[in-house]
Amino acid sequence: MEGFSHLDEKGNAVMVDVTAKSETQRIARASGRIYVGEEVYKAITSGTVSKGDVFACSRVAGIMAAKKTSELIPLCHPLLLTGIAVEFEPEEDKYAISCTCTVKLAGKTGVEMEALTGTSVALLTIYDMCKAISKRMEISDIHLEEKDGGKSGHFVR
Amino acid sequence: MEGFSHLDEKGNAVMVDVTAKSETQRIARASGRIYVGEEVYKAITSGTVSKGDVFACSRVAGIMAAKKTSELIPLCHPLLLTGIAVEFEPEEDKYAISCTCTVKLAGKTGVEMEALTGTSVALLTIYDMCKAISKRMEISDIHLEEKDGGKSGHFVR
Amino acid sequence: MEGFSHLDEKGNAVMVDVTAKSETQRIARASGRIYVGEEVYKAITSGTVSKGDVFACSRVAGIMAAKKTSELIPLCHPLLLTGIAVEFEPEEDKYAISCTCTVKLAGKTGVEMEALTGTSVALLTIYDMCKAISKRMEISDIHLEEKDGGKSGHFVR
Amino acid sequence: MEGFSHLDEKGNAVMVDVTAKSETQRIARASGRIYVGEEVYKAITSGTVSKGDVFACSRVAGIMAAKKTSELIPLCHPLLLTGIAVEFEPEEDKYAISCTCTVKLAGKTGVEMEALTGTSVALLTIYDMCKAISKRMEISDIHLEEKDGGKSGHFVR
Amino acid sequence: MEGFSHLDEKGNAVMVDVTAKSETQRIARASGRIYVGEEVYKAITSGTVSKGDVFACSRVAGIMAAKKTSELIPLCHPLLLTGIAVEFEPEEDKYAISCTCTVKLAGKTGVEMEALTGTSVALLTIYDMCKAISKRMEISDIHLEEKDGGKSGHFVR
Amino acid sequence: MEGFSHLDEKGNAVMVDVTAKSETQRIARASGRIYVGEEVYKAITSGTVSKGDVFACSRVAGIMAAKKTSELIPLCHPLLLTGIAVEFEPEEDKYAISCTCTVKLAGKTGVEMEALTGTSVALLTIYDMCKAISKRMEISDIHLEEKDGGKSGHFVR
């Protein structure tokens, strides 16, 4: 199907054949944001021990989810991720927490889905840990920031 | 920790004790949106067989992810989901696809995380299937639409 | 979609809503067979220690796979299986090994998919352990033998 | 144990040591069939939208299951599958649907178990989606069609 | 097999039939210890931010592993755990960290395996995070501390 | 964080970047022990068929768990294990069963966590299969025995 690498000529889903591609060093960085509102924002950024654990737990969830990407996204190739980092940044003007997930690989395909999945699940975990305070949080702005390695070259948004 | 059901009095993460809660019929509905841009939008909504498979594949991914929520979100309880539906709606004015995931349960805890996770992974799968066309898609506006069952009553956004 | 419980009125896949169904005691028994050929048959049924381990390993694989059914079959409900047994029977006249998987549940839906999945994976494991001897084995005759509990009554093939 | 690569000299199960093997391009193709009977056959092959979704859902299930092979079959090596395709073919004379799963790898071991597992789970998913219509379907004829790469050469059944 | 609930009369592994058992509130508490040596002990208990993250990460790992018990231990029943807590206690006299995992359930079987699995994986995660400093750590003393609910009554070690 | 490869300069958990490391042949061997007490010891080492199945089932569990290490231990890299063996040794003087798990890899990181995880889950499975006889078993002495490959050289305890 023209343009859709994941559909064959009949429009059926396939996991694209990358057998003959060579391994290169690849990196992808994705980011997203959860708008938590004033009350939640103050609770998780106030100087208490809780702050550490909300972020620590969400960071672990994001890292583990990036490793599970090929189990979640049907046509993603299994990959031996060689590095994953998840970072959070409080944004007081928006009452939001932004999240960046960076994934590295020496392999045959890009890792943007892994970075996007890590970001999504890290933000969902913040949602989960704060949902007793607010039902009106919103996860937004999840996109690819940067990608390098592979034949499509260096992309920066 | 006041307000945080998932942190104990020392601020440590715990899976909240719901042993003594009674089972009630519960439902949660979440939605989100992927901004795909004009080129991708036209490709997946044009009258070809491909459209069916992009949405069919993403729907299956969302349903399967909702079932995996307690594996992804560290403090979520395992639950016997009794119904899951994922729907997509093209939004031509935004060059976007919106997604709604509805989850049902007869059980002890709410299912908003399951609905949010199903929505997120369904949208990530659309991203994956279209990423050969555009690197500038964005997943946004993921939030709870409605929730019912349990002691906190009926919530509609 | 008439007749298809797993498709909604537009033909889209859904995990059927069973929220309001009551729990009953349910059982399903499925069977299948692997035709292994004379050489493999004699190797795994001769009086050696290996026989034990081929069957023990395949039995464990079948039991674990039955528990994973809702992760493998997209529209299956997660279920708290309350009993699983896998049995093998050598059939010398066919140079085959038959497998029966019995699954029990106190719950809201039938467990035939769990019994069929346990049977399939147990037979695939026998295949795996013997494939160095023959590439011409065949897995066949996988079907439901018996099912009870739930509104469709007692079925025996 | 002579002939059994998966049993050590005492007959105990082991995951065979392939550390020193070199990577080669490998392919395996397996097929199988589900006998669905006339009523189901007509329902899923009639010209309605449902047909698309039964096959789309089962195709996704087969692809995802092939990726899970090493979690299901105890002694299978984890592998970075580089390509997976699942195809269905209605066989009107048999009231059957045949399924073919093709798996590719650049790696150290053959991928026949992945192709067989993908085939099995794709057929089980068809069973699941049609079981409300018939309890007498049968999954059969699952075997290796072709295998290439690795030291055992090119096999065609 | 007398005494072995997980073996049938022929000595074959089975997942014990608990279909007819009634649900009761159950709790199990297990503990274990990792001897880390003086250097690691001082590194993880000194007053730095790292301490928080070693324990936070290991706590999350233990909680998530308790939920995975039925995937890891072949004959364990899947269970809807209703509460999980993991706690660590530095033991300076032993240069050890002790870990306690408490698991709750309203269900048909005991949860000691879940508590023991949570303890084991929490301790393995501490090992992982400190292994760059020492290769001589040892995980020991993993046992059931207390168990209640079900017909075998209240057990305290 | 000095000494902690799994914490970045702020003390946050990261999956260490090994992208640029070269692949080498690696091996790790870990061991541990379960003290079962006299009654259990005699039951599982008496000359009956049960003995085979307790050990066969636990061996399979250990092998499968070693493959799942990167899903269990948050900061472990996914790895393509190329060989896994699990062995048991009855120790009559201690009424204990010792377990050794050996893991091989051609890859970028060491496999000691995989060997330790395989050992732990194999011993937990013995516990599970014998817990109807005794609640006082104890899993102990889990440590690395030997490790080779990679820049830290050959380690023997």
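Going by the order they are written in, the chains are A, B, C, D, E and F; count residues from 1 in each one.
The rule is simple: a residue touches a chain if its C-beta (ideal position, glycine included) is under 8 Å from a C-beta of that chain, and two chains touch if they have at least 3 such contacts.
No experiment lies behind these values; they were computed from the predicted model shown.
Trainee: Where each step is a move between two chains that touch, what is the least number of such steps from chain D to chain E?
Mentor: 2
Trainee: State which chains count as neighbours of chain A and simultaneously of chain B.
Mentor: The shared contacts of chain A and chain B, listed by label, come to D, E.
Trainee: Is the C-beta contact count larger for C-D or for A-D?
Mentor: C-D
Trainee: Nearest whole angstrom, what separates the Cα centre of chain C from the Cα centre of chain E?
Mentor: Measuring from centre to centre gives 31 Å for this pair.
Trainee: Just give me the whole-number Å value for how far the CA centre of chain A lies from that of chain C.
Mentor: Going by mean C-alpha positions, chain A sits 36 Å from chain C.
Trainee: Rounded to the nearest whole Å, what is the centre-to-centre distance of chain C and chain F, using the mean of the C-alpha atoms as each centre?
Mentor: Inter-chain centre distance comes to 30 Å.
Trainee: Mind pulling the residue numbers of chain A that touch at least two other chains?
Mentor: In chain A, the residues touching two or more other chains are 12-13, 49, 52-53, 56-57, 60-61, 64, 68, 71, 74-75, 78-80.
Trainee: Every touching chain pair, please?
Mentor: So, checking each combination of chains, I get A-B, A-D, A-E, A-F, B-C, B-D, B-E, C-D, C-E, C-F, D-F, E-F as the touching pairs.
Trainee: Any idea which chain A residues touch chain B in the complex?
Mentor: Within the complex, chain A touches chain B at residues 1, 3-7, 10-13, 32, 43, 48-50, 52-54, 56-57, 60-61, 64-65, 68, 71-76, 112-113, 116-117, 120-121, 124-125, 127-133, 135-144, 147, 155, 157.
Trainee: Within their complex, state which residues of chain B touch chain D.
Mentor: Going by the criterion above, the answer is residues 49, 52-53, 56-57, 60-61, 64.
Trainee: Using the touch definition from the top, list the residues of chain E that touch chain B in their complex.
Mentor: 25, 56, 59-60, 63-64, 67-68, 78-85, 87, 104-106
Trainee: Note which residues of chain A are touching chain D in the complex, please.
Mentor: Chain A reaches chain D through residues 8, 12-21, 70-71, 74-75, 77-80, 107-108.
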